[in-house]
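My questions all concern the structure below.
The chains carry the letters A, B, C, D and E, assigned in the order they are written, with residues numbered from 1 in each.
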Amino acid sequence: MQLARIVGTVVATRKDDNLRGLKLLLVQPLAPDGRPSGRSLVGVDAVGAGVGETVFFVRGREASFPFLPRQVPTDATVVGSVDHWSAGAAGGRAPGEKQA
Amino acid sequence: MQLARIVGTVVATRKDDNLRGLKLLLVQPLAPDGRPSGRSLVGVDAVGAGVGETVFFVRGREASFPFLPRQVPTDATVVGSVDHWSAGAAGGRAPGEKQA
Amino acid sequence: MQLARIVGTVVATRKDDNLRGLKLLLVQPLAPDGRPSGRSLVGVDAVGAGVGETVFFVRGREASFPFLPRQVPTDATVVGSVDHWSAGAAGGRAPGEKQA
Amino acid sequence: MQLARIVGTVVATRKDDNLRGLKLLLVQPLAPDGRPSGRSLVGVDAVGAGVGETVFFVRGREASFPFLPRQVPTDATVVGSVDHWSAGAAGGRAPGEKQA
Amino acid sequence: MQLARIVGTVVATRKDDNLRGLKLLLVQPLAPDGRPSGRSLVGVDAVGAGVGETVFFVRGREASFPFLPRQVPTDATVVGSVDHWSAGAAGGRAPGEKQA
């Protein structure tokens, strides 16, 4: 999985039937120091996440697991909201905390 | 999933039987600011998308879900047509809108 | 999927039993303008493709679909031979056509 | 799989039900010479690994295999703790050993 | 799949039960000209390959196919030993042959 921040939403009226009723989020992956890292992508929400929230998301076949037995065609799903994380010598951090 | 623009089509007479009757699209991934980002690829259409349209597509095993129980050998499928999206401070955008 | 050109073949006597009898191709991915793009890889042939031919191939779990119910351990399979493709303002192209 | 070092932990109270009770680790991939290589990611622990430990992890669909029949939505799981490895002319190394 | 050279081995006493008894190899991907290309990784051996040997390996879900019905959590498996390969104008090559 990857740490990420929710940076937007996507609205699509015409879409695959198995995506109906699901929230589409614009997701920006983060490095452990909290900075954006790599390309943002479109993910499906599985935990009620909103814009500005720090989360982690899963890619690939497993991204459809939270919706089983429905076969949702998603390859990226937000599966957790992050309380805080620690990384190496940098010690513990809360999502909103500034980099020292 | 990734935001993308349909930039062309691919015609292939000789192909795997489970691809017959499906439209092959040339798909250019987009960054949240609407600019091309990364390599274009060949995707299968699942929502009736056409050239110039802004869409999102799914990769991997899930790309074959819209065609189940047919086992279509596709790793990229267009599963939604985008009405508009919002990204960070940039606010809401419609697919055809110019970057400010 | 990705556009590609068949640029060679691979011969392997000692291999997994489920790969026996299948042709192994050296595959060079192409950009929409017909130029090589990214690393070449080893793919299994599912359409009778030969060296010099323009094709598209599928990656991942779906690469084994053309051989079901045999569980072929391949992550890249050539599933179509390209007649021609169109890309943006460049208009239609046949595989052998030179770039203007 | 990839060699990696455990560099931190992630705490998430609100998460997919099938992730409950599992330890989330911050994992830094390593090159064969023992140096960090590529982006760190969030992985699930399947072997009781702790911060500072050298491990290898598996990506993709297989990352959920250690937890079957539970369908854990993980795309990265630590599946082994490394005693030592050898790489080319450099000879054998133990995880904590300095690069010559 | 990708061409590769076996450049080392990995020893791990504590690991997922379904990896027990399998040989872990350090695998360096190769470009068609025989030079190293991209990051090396840890793969499971399915053909009895040894250090210095030229092989090809499969990634992803298919990497576990050679071990079915055992659900081995591997995302990279060596499935063939290469006798020789040909690439474009360069003509045929045997694995140990020097680049002209």
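The rule we apply is simple: contacts are C-beta pairs under 8 Å (C-beta built on N, C-alpha and C of every residue); 3 or more make two chains touch, one makes a residue touch a chain.
Since the structure is predicted, the reported quantities are computational estimates derived from the model, not experimental observations.
Undergrad: Using CA atom averages as chain centres, what separation in Å is found between chain A and chain B?
TA: 20
Undergrad: Find the geometric centre of each of chain B and chain D from their Cα atoms only, then give the gap between the two centres in Å, rounded to an integer.
TA: Using C-alpha averages as centres, the distance is 33 Å.
Undergrad: On chain B, where are the residues touching two or more other chains?
TA: In chain B, residues 60-61, 63 touch at least two other chains, as defined above.
Undergrad: Could you draw the chains as nodes, link the ones that touch, and say if you get a line, ring, star, complete or other?
TA: Looks like a ring, each chain touching just two neighbours.
Undergrad: Which chains make up the ring, listed in order from chain B with chain C immediately after it?
TA: Order round the ring from chain B, first step to chain C: B, C, E, D, A.
Undergrad: Give every residue of chain C touching chain E within the complex, in rising order.
TA: Of all residues in chain C, those touching chain E are 7-16, 18-19, 24, 26, 39-43, 60-61, 63-64, 71-76.
Undergrad: Residue numbers of chain B touching chain A in their complex, please.
TA: The touching residues are 1-3, 31-32, 37-38, 46-48, 56, 58-63, 65-66, 68, 77, 79-88.
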